[in-house]
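One structure follows; several queries about it will come next.
Going in written order, the chains are labelled A, B and C, and every chain counts its residues from 1.
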Amino acid sequence: MKDIVTIIFRLTLSCLVAGFIMGTFFILTSKAKKHNEHVNEEKVMYSLLGYKDASEIPDSLKFYELYRYVVSGPGGKFIGYLVPTGGGKDGGHSFVSLDLTGKLADIKKVSISSENAMDKDSRDKAIAAALGSGKDILYADKTIIVSENAGRNAYLVTGKFPGFKNFVSVMLALKPDFSVQGLAILEHEEDPGLGAEIEKDYFKNQFIDKSFETLKTLDVVKEPIPEKYLKALENRMQKDEAEKIRRQFKNHDIYALTGATISSRSVTNGVRGIVQKFAYRLNILDTVLKEQKIVVPF
Amino acid sequence: MQLIANGILKENPIFRLALSMCPAVGISTTVMNGLLLGIAVLFVQVCSSVTISMVKNFIHPRIRIPTYTLTIATWVTVIDMVLSAYMPVAYAKMGIFVKLIVAFAIITMRLEMFACKEPVGASFWDGFGMGLGFLIGMMSIGFVRELLGSGAILGYDVLGFKPLLFFILPSAGFFVVGLMMAFFNYIEIFYKRKKGFKA
Amino acid sequence: MNRIRIRLISIIALLCAVVPGLVYGAGFISKQSFGEKNQIKLRFSVQVDKAKVADIHKYTVYEEQDPDILLPIASAKPDPDSKGVSLTFKQVLNTAHTHVVTIKNLDGVSSAVAKVSKSYLGYLISILISALLINNFVFTKYLGLCVFFGTSKRKSTAKGMGVVFTIVMVVSASMSWFFYNYILIPFNLNFLQIVVFIGLVSLTVQAVDTILRKVNPILFNSFGVYLVLVIANCVIIAVPLILANNAYNYYETFMLSLGAGGGFLLALYLMSSVSERMQLAKIPPTFKGLPIAFIVAGQFALAFLGFSGLQIF
């Protein structure tokens, strides 16, 4: 009997000690984790826009986050956008609800700063408080609008689509006319050496400068990349020569990766889907913002 | 120091004791992966050995195994959290293998055979030796696979072309480990023959 | 006795997954499904006017997560018996997503909504097959190798280890699921995953050991010795980690654990069959034992690579 009591006592003690150690480390590391995630995301953003790191960014360049939500309530489903309205030190936001046909349903003011809006929990709470009870909100995605002097330089859009194995997560940089400025692969589970080559420059850079119209009918062609194009894509030739060759292939279909046609196709179809949906939604939002004369800093 | 040499050569966990082979086959596709996982295992091994050795007098003999498991799980969680916070890119490549360190037979066995009997200092060096043996084993497999598979080492293109893509594919891990084991076997037989002649 | 019970339990579980689906189809739209690559087929519970049904403006179709993006319909063809319609779309449908179809103002019914998705049972079976073949834990994911090489010398040991492992796998995965969803997540104790899972595994092994010893000593004598090896198996803790990562529900967990255990049994069986033959072959002394086993396993792994990308449902 005494044996069992000692055993239980010692076991419980060790469990508590273990739990304590793990708890402390968890608290210490979770802050660092969030910070590092943010830093990594910023690195990808800057490289897509063509800057090597944060120090090269001009001061006049500003980043605004536009969050999209799906709101379901007694009146049906709505698409809601958390739009930064600028002005004031608080950096207030507005939550613009649109019905499924694209007409304005509701505008509510949400007071939350841009930093706090980056944290999902505080953002959800602020929006739920502004909308009142009875409405369910579900986070959909986020767009970053890169703006300079109240004009728009680029859009940074993230998206996820199925690849050959599981999902591929990408970030696209789009110019204001919705042509592709850059493509970055964030996550994938493709085979190394085959599907994983979608991360390489000679595949990703084929998407650069493809216009919105070309993207609509973009397909994958199973031919080897011409030697000159390959060199231009991998930045192994003079800048102006590379420009000339890129322009030559601007409206050409995507050359598939050797042994990874399915992965190449999924990326092409995925990019097309993301850009089409984004363009459709942004046009609707812009129309509504103009009609309602909502002032936005971009 | 003899303990370290023991861990690397005579009782190398991967090639001689044939334990904890899961990661050796699965993620030794590059030297960097091997290095990172090796460091994680080294950390867990050393910390667990030292912890168990410090409390060896308090462990009731009937709950030895659960205690070992608890200690190892704690340290694995710690290193898992630290790696995911400070090296997220590398951590993502290793997938769940860092968390799986808890199931490695080698660590439990080492604790059972060594740490619960020996003083803290000896346990530290033994754990270090074992972990180092694992690290070196992983790095050597990674070296062979990376060189032959993608012509690069640590990401730097050495050969400029890809000799045999096959080696990066996960299934080649089996072949490489099997061949390296055979190589170690060969060395051992060779030594035995030499000793046989001398004697 | 144990095996019969397990088969019974698995059949009941499968039925529980199917029956709700059969009961669901009540209301105006009695059945809905995906047709060819870009079609949705609807069946109605009453006869409808063919002309009205063919009007594509009566339908709105969207993918459940994108309710504002309406998919353009190319044509709507009514079925010959006037009790159904086939909607053809301009683009290929992504059948992995649930589609919501709304019909307005058709024959006195102001609006009817139907959700079209791939059969759930098919999804569950695809998880099972994935864990069994495509993502076989031994040959594709390289887990559980230590025990694998230790017990694959003879067919009888292989079978014993495989069966014991499957049982412990299913039981511990279910317990881990309960623990994860009802204790770890609500209390935000996610970082205790590893400790809790391995604790549950040890508990299961201990429980199975005690129960088996008392209930069926004969069975215990043949299988009991493998129980201890289960804890050293990487797969046993990999499955709870996967289910935690993907937030599976209970049926999916059950299928995953069944597939994992089955895959391990399959791998062991294949390996032991070859191993028995190898013992009679002439192998150079440097390769005897583990090296040749590794190389054979490598060839199996290559063969299993052929399953990747398999999609039945």
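Just so we're on the same page, a contact is a pair of C-beta atoms (placed from the backbone, for glycine too) under 8 Å apart; a residue touches a chain by one contact, two chains touch by 3 or more.
Note that the structure is predicted; figures quoted are calculated from it, not measured.
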{"item": "Topology of the chain contact graph, where touching chains are joined (line, ring, star, complete, other)", "value": "complete"}
{"item": "Chains most often in contact, by C-beta pairs", "value": "B-C"}
{"item": "Intercentroid distance (Cα basis), chain B paired with chain A, Å", "value": "38"}
{"item": "Chain centre separation (chain A, chain C; CA means) in Å", "value": "30"}
{"item": "Shared interface positions of chain A, touching two or more other chains", "value": "18, 22, 26, 191"}
{"item": "Chain C, residues touching no fewer than two other chains", "value": "191-192, 195"}
{"item": "Touching two or more other chains - residue numbers and ranges from chain B", "value": "66, 70, 73-74, 77, 81, 169"}
{"item": "Contact footprint of chain C on chain A as seen in their complex", "value": "18-19, 22-23, 26, 70, 77, 79, 98, 100, 102, 140, 162, 164-165, 191, 262, 277, 280-281, 284"}
{"item": "In the complex with chain A, residue positions of chain B that touch it", "value": "29, 58-60, 62-63, 66-67, 70-71, 73-74, 77-78, 81-82, 84-86, 88-89, 92, 149-150, 162, 165, 168-169"}
{"item": "Chain C - residues contacting chain A, complex", "value": "62, 65-70, 96, 191-192, 195, 308-309"}
{"item": "Chain B contact footprint on chain C (complex, rising order)", "value": "139-146, 149, 191-195, 198-199, 202, 231-234, 236-238, 241-242, 245, 285-295, 297-298, 301-302, 304-305"}
{"item": "In the complex with chain C, residue positions of chain B that touch it", "value": "18-23, 25-26, 65-66, 69-70, 73-74, 76-77, 80-81, 96, 99-100, 102-105, 108, 169-175, 177-179, 181-183, 185-186, 189"}
